[in-house]
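Some notes on the structure that comes next.
Chain nomenclature is as follows: A, B, C and D, assigned in order of appearance, with residue numbering initiated at 1 for each chain independently.
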Amino acid sequence: MLSFENDYSNSACPQILQRMQETQQEQVPGYGNDDYCQHAATAIAKACDDPEVEVSFISGGTQTNQIVLDSITPQYAGVVCAQSGHINTHEAGAIEATGHKVLAIKSQDGKIAAQDVDDFCSSFYADSNHTHMVFPGSVYISQPTEYGTLYTLEELEALAQVAHNYHMPLYIDGARMGYGLVADGNDVTLPDIARIADVFTIGGTKVGAMFGEAVVFTKHNMPTNFVTLVKQHGALLAKGWLLGLQFDTLFTDGLYEKLSRNADKQADKIRKALLAKGYDIAFISSTNQIFITVTNEQAAKLQQQVRLSFMEQVDAGHQLLRICTSWATTDDQVNELIAIL
Amino acid sequence: MLSFENDYSNSACPQILQRMQETQQEQVPGYGNDDYCQHAATAIAKACDDPEVEVSFISGGTQTNQIVLDSITPQYAGVVCAQSGHINTHEAGAIEATGHKVLAIKSQDGKIAAQDVDDFCSSFYADSNHTHMVFPGSVYISQPTEYGTLYTLEELEALAQVAHNYHMPLYIDGARMGYGLVADGNDVTLPDIARIADVFTIGGTKVGAMFGEAVVFTKHNMPTNFVTLVKQHGALLAKGWLLGLQFDTLFTDGLYEKLSRNADKQADKIRKALLAKGYDIAFISSTNQIFITVTNEQAAKLQQQVRLSFMEQVDAGHQLLRICTSWATTDDQVNELIAIL
Amino acid sequence: MLSFENDYSNSACPQILQRMQETQQEQVPGYGNDDYCQHAATAIAKACDDPEVEVSFISGGTQTNQIVLDSITPQYAGVVCAQSGHINTHEAGAIEATGHKVLAIKSQDGKIAAQDVDDFCSSFYADSNHTHMVFPGSVYISQPTEYGTLYTLEELEALAQVAHNYHMPLYIDGARMGYGLVADGNDVTLPDIARIADVFTIGGTKVGAMFGEAVVFTKHNMPTNFVTLVKQHGALLAKGWLLGLQFDTLFTDGLYEKLSRNADKQADKIRKALLAKGYDIAFISSTNQIFITVTNEQAAKLQQQVRLSFMEQVDAGHQLLRICTSWATTDDQVNELIAIL
Amino acid sequence: MLSFENDYSNSACPQILQRMQETQQEQVPGYGNDDYCQHAATAIAKACDDPEVEVSFISGGTQTNQIVLDSITPQYAGVVCAQSGHINTHEAGAIEATGHKVLAIKSQDGKIAAQDVDDFCSSFYADSNHTHMVFPGSVYISQPTEYGTLYTLEELEALAQVAHNYHMPLYIDGARMGYGLVADGNDVTLPDIARIADVFTIGGTKVGAMFGEAVVFTKHNMPTNFVTLVKQHGALLAKGWLLGLQFDTLFTDGLYEKLSRNADKQADKIRKALLAKGYDIAFISSTNQIFITVTNEQAAKLQQQVRLSFMEQVDAGHQLLRICTSWATTDDQVNELIAIL
C-alpha cells in the first residue's frame, strides 16, 4: 500500500548500498578507528566550515540523545526541552533512565522561545528553595522540530545566548537536519548551526542512510573519554566504519542536500494540492512533514488508501494526521497520493 | 525570631527525648532487627486495624519516596503524580535519579482527580505509539497534600479503583498524615488508608519525631528483599532501633494524634484571625498549613517580624506565603503571630 | 595488511548485501513490526526446535547484554559471571551503569563450573549478613567463551540446574554461537541451548551480518514490555527490518552454519600449522579463536606482517596473542598467514 | 546478654543526649542551614588545622560513600578499592547502583598498597583496549580498615601520590576515624588526613553520635551544588541541625578523642587477655576491633555467653570472630568478657 507514514521506510540510497557492495572484501578496523570515519568527519567539518569540530557517529537517534545529554548535563541537573520535544514524548523515558529530569516548558509549533527559557531559569534561581529542585542544566531543541517547523537564525542565536547566560550547553537534535537546511525560507546554514550550538547531530537514518547519526561537538566540547561513554551506554558499533562510510558518501558531492531537496520538493507539491483542495494544514512548514486536521470520517477514508501517521485526537470529531515525504519519495507516489486526497 | 516557617523546626517531643535518655545504656541490635521496631510495627498494624500490614522505617521523606517508588514502579514505567506533587517539585529529581519519569498531571488544590488519571491512562493506551512512551506504572499522592488539603474517602477510593484498573499500585505519602487524620471535616481514618493504599507512609519527622517515616505495605505488597533495596539506596540506618523507639512512642497512648491535634487546633485559631482581618486565604484546608496571598509590601512587613515560607510570586504585586504550625506550636507563639497579622 | 585481528572486520556476507539491494525500493514499517522480523523469528524458532521461543533483534552485543541482564536481574541483585567474562572486562562497565554489580567468580579457560556457582551462592545465603550484600540474581556465560572454548552439554545442564536452584535465570551470550555449534567435538545443539537457557543470543555481527544479535527468550521469559525497555535503553532501531532481513537470510538454507564452518575450518588449518611449527597454543579450542604465547620478539616480528590481537603481557618476556578467523577468511589469507608463522 | 558485637549498639553519649534535651524548645532552620552545623564545621576545620576545608553532614555511612563517590568519580570510571573494602562487600551494591563499577584490587590486612594501585593503573593505560574498559576514576580506602588495621603516614602519602599521578581523588572512609587517631602506634593525625586526602569522613555513628558522618572536602574539592546532589540521592536530613549539634558536641573539649580512647583502651585490655590465654589474633591492630580465629566449638561456646560478630568460616573447623569495643564499653563489661574468654 502507498505509504507516507514516515521518512525511515526505505533502507538506504543507492550510492550507500553501492559503496557497501564495493567494500565487501575489505577488512576494516573496528569501533570507528578507521579511515572512513576519519574522511566523513573531515567532510562534515568542511561542511560546517569549522575544522575544529569533533565528530562521532552513533547508530540511532534516541541513543544519541541519551548519550549526549547524559554526558553534557551536570549530575544535579535536568534538560530544558519543549513540551512537544521528542525526548519528552516518544523516547520511552530514555533521558530519565540516565537520571536526568526532562524540564518541559511550553512550546509553540514545536519551538521554545528564548524568553521562555530565560523566564524559566530566572524564576528557578530566584526561588529560595532552588537547591531542592532540578537545576536547568542543558537545553534540547530539534531543528526541524517534531512538527516540521524551523527556528530562524535569530531565534537560534537568542536561545544560545540565554542558554549560555545560565551556563547551559545548547544541543540541537538534527535527526531531520537536511530537510531543514534546504527548505524554502530557511535562513540557517550548517556553519550557523556549528557556530551557535555546543553540540548537534546530523541525521542519517531519516536522510538517506541505513542508520546513523553524526554527533558534532563544537568549541572543543567533546566530553572526556566520549568513546568510553558511548561504549558504557551500549552504543559503540563493532563495525563502526559502516557509519563512516555512509556519512562519507552523504557528504560527498552534496548528496545529503540533494536527497533532502527531493523530500522537501515532494512535500511542497503535496502542500499545494492540500491547499487547493481546502485541507486544514496545522503548522506552517516547508520541510518534509505536513500535518493536517481532518474529520474522523476523512481520516478513516484516507487510511484505507494510504498509510499516514496518526498524531492525536484533536477533539471528538477531528484528528491530526501526518504526511511525511523522504529522500526516496517518487513523483509517482506523490501523484498517487494527490489523486487520493 | 518567631517562626511559622515549617513543621520540622523542633527536634522531638519530650516523650521521645525521654525514652532516648532512658535507653542510653542499652545495647540494641542494628539495622532494625530489634524489639523496638517490632513493637512499633505491631502498634502501627493495630492502628491500621490490619495485622497483616508490613512495616519498615526509613529516616527521611525524600529517601522514602525514592526507595518505595523505585521498588514498586516497573522498570519501563513512570510515576503518575500531581503537577504540584512533592516528588515533582522539591525533591531535586530524586525519582528520575532512579530512572523513572514523573508523569505530572494537572491538579486542583494539590489533588489529582480519579477521572484525570483515568483519562491520562486511557489516552496513553489508546495511542498507537505508546510502547515508545513512558507507561504509567504507579500513582503517587500525598495526604494531606502540599497545600494542606485533604482527599475525601470517596476521592481516595475512586483513585485506587482507577489505579488498580490500570495495574498501578497507589502510594500515599503521609509525611503529614497525622495532621490530616485529626483535621476537622476529615472523613478518612488510618484503617481506611490501609485498606485503600498499596503502600503508604506515616510521617514522623513533621509530627513529633526527630526523624523517621514509617513505610506501611498492605496486601502483602512489600517488595522482595526490601531491606536490601533500602541498603542499596544508602538508607539503612545503623541504629535502626532509634526509628522503632520513636514510632513506638508515637503510637503509644494516642500520642501521634495528640501531637497532630495541637497543630491543627493552633492553625484553626490562626485561620479565624486571618479571616477576621480580611486576609485572602488560598486553599480551603483544616490541617496545619495555611496559605495566604498578600501584597509584596505586606509580605515584606510580615517577614520582618515572623519567619514564614515564601511559596511563589503570584503576580508582579502579590506573593503566596505559607503559615505552618506543628505539634510544638504554643499558645504564646500563636497569640504573638495573631498580634502581628 | 593481512589481518587476523578479529571476526568483525568485513561488512556482511554477499547474500545479505544482495537482499539489501533487492529490497531497496520497498517501504517497510519501522521498529521491528515487519514481516522480515517475523520470518526471521519463525526461522530461528524452527532452528531451536521450539515454536514458543520469543525472538527480538538488537543491533549490538554490549547493548544486548546490558538490556537483557538489566531486564532479568532483580533490582537488589547482581550478575554471576566468569572473571574473564566480556561483561566484566571489556564492556566499559555497561552492566554496572544499569545499577547491577557483576559478581565475578573464578574461571578456568573462560568457563565457570556449576560447583563454583553453587559454592558462591550457598556461601552467600549462609552469610548472616547477606541482606547487606549483592544477591546473585542471574548467571551470565558465553558460548563459545572469550577464549574460544566450549561448554559441554553436561556442563551447561549442570550450570542451569544450579542457577535454577537459586532462582537465577541463565543467560548465554552467543555472540559467536555459530562458531561453537559447528566446531569439532561440540556436543551442544541449538535446540539444547534453547532447552537449557532462559535467554540467549545468536550473534550476527561476528557471523556474517553487518550488525545484529538475535535475542531468544525461552520458557515465556520475555520481560513485560520488552520493546519499551529496548527503547528506553536507546536501542530500538528505526529500520528494525534490517535486522530481520539479515537473520532471515542467515537462517535460510543453513547459511549461518555454512558461514560458521568456514571460520572453524580455516582456524583448524592454522592450528595444525602452529602445532607443526612448535607454537605454544594457550587454550584447547576448536572454534575460530586461537591464542598463542610468544616471546616479545616473536610478537613484534609477527605484528609487522599480520594484524593480530594483543591480549595480555603474560610475563616480562612473553605475550598472549589472538589469531581470529571469520566467515570471510579465505584460503589465500590462511596460506599467507601460515607462510609467515 | 553481654555484647561486643559492634560499635553502634548504644544510642549516643550523654553529652549529645543532654544537648538534644537543652535545645528541645528551639526552632532551628532546616536542611543544615543553621548555626550548629556552622559551628561544627568550624570546629572540624580547626581540628584539621585547615580553615579552607568544606564540611557537610550526612546521616549514614553507606549513604555517604555512595554520594561522595558518585560525585567525585567521572561518569566513565570506577572506584579502586580493596577486595575487602566495605563498598565492595557489605553495602548491597550501593556504588554500582549509581553506575560505577568497584574495581577491587588485592589487599593485605584490609589495606591496599600504593604499588598495587600503580600497577593496576599502569597496566590499565598500557592496555590497547582500555577505552573499552572501566577507567580507574577514584580511590577508596578506609582508616581504620574493616580489619581494624591502620595505614601509616608513609603509606597514605604514597597512595595519594599514586592516585594523583593518575588524576584520581583519594577518598578516606573514616567511619571509625577516632579509633584510629588515638590508637597506640598510629602516626597519622587529622591534619595529616586533611592534607593528604581529597575528601574524607569523620564518623559519628560509631563514635558517640546517634547517627551522622562529617564529610570533609579539602583543596576546594566540594562538587558544585553538593547540597542538591545530597538531596537528589535522598539524603538531605530535614532537621540537619541535629547532625551539626552532635558534631559540635563531639568536637568541643576533645570529646571525640576521649570517647575514642575509651574504646581502644578497652580493646587493649581484651587483647592482652586474649594473648595471655593463647588465642590466635588475626590482624595486628591497636584499634577497637579484634579478630580471633577459634574452633567451631569455641565459637559456639563463646556465642552462648556474649554476642560477637561472625566474620567468616576460615576452614571446615575454624571461624573468624570479631570482638568490638566502643566509646560506651565499660570496665565491667570488659571484665565480664575476659572472665568468659
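Keep in mind that, in the parts below, a contact is a pair of C-beta atoms (placed from the backbone, for glycine too) under 8 Å apart; a residue touches a chain by one contact, two chains touch by 3 or more.
If you're wondering where the values come from, they're calculated on a predicted model, not measured in any experiment.
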Which of A-C and A-B has more C-beta contact pairs: A-C
Greatest separation from subunit D - chain, by CA centre: A
Chain centre separation (subunit A, subunit B; CA means) in Å: 42
For subunit B paired with subunit C, centre-to-centre distance based on mean C-alpha positions, whole Å: 49
Chain centre separation in whole Å, for subunit C relative to subunit A (CA means): 33
Two or more partner chains touched - positions in subunit B: 76, 91-93, 97, 131-133, 228, 231-232, 236
Subunit D residues touching subunit C - in the complex, by the definition given at the top: 76, 78, 89-93, 96-102, 123, 126-129, 131-134, 310, 312-313
Residues of subunit D touching subunit A in the complex: 31, 70-71, 74-76, 131-133, 135, 224-225, 227-229, 231-232, 236
Residues on subunit B engaged by subunit D in the complex (per definition of touch): 3, 5-6, 8-12, 14, 17, 20-21, 23-30, 59-67, 91-94, 97, 205-206, 210-211, 228, 231-239, 242, 328
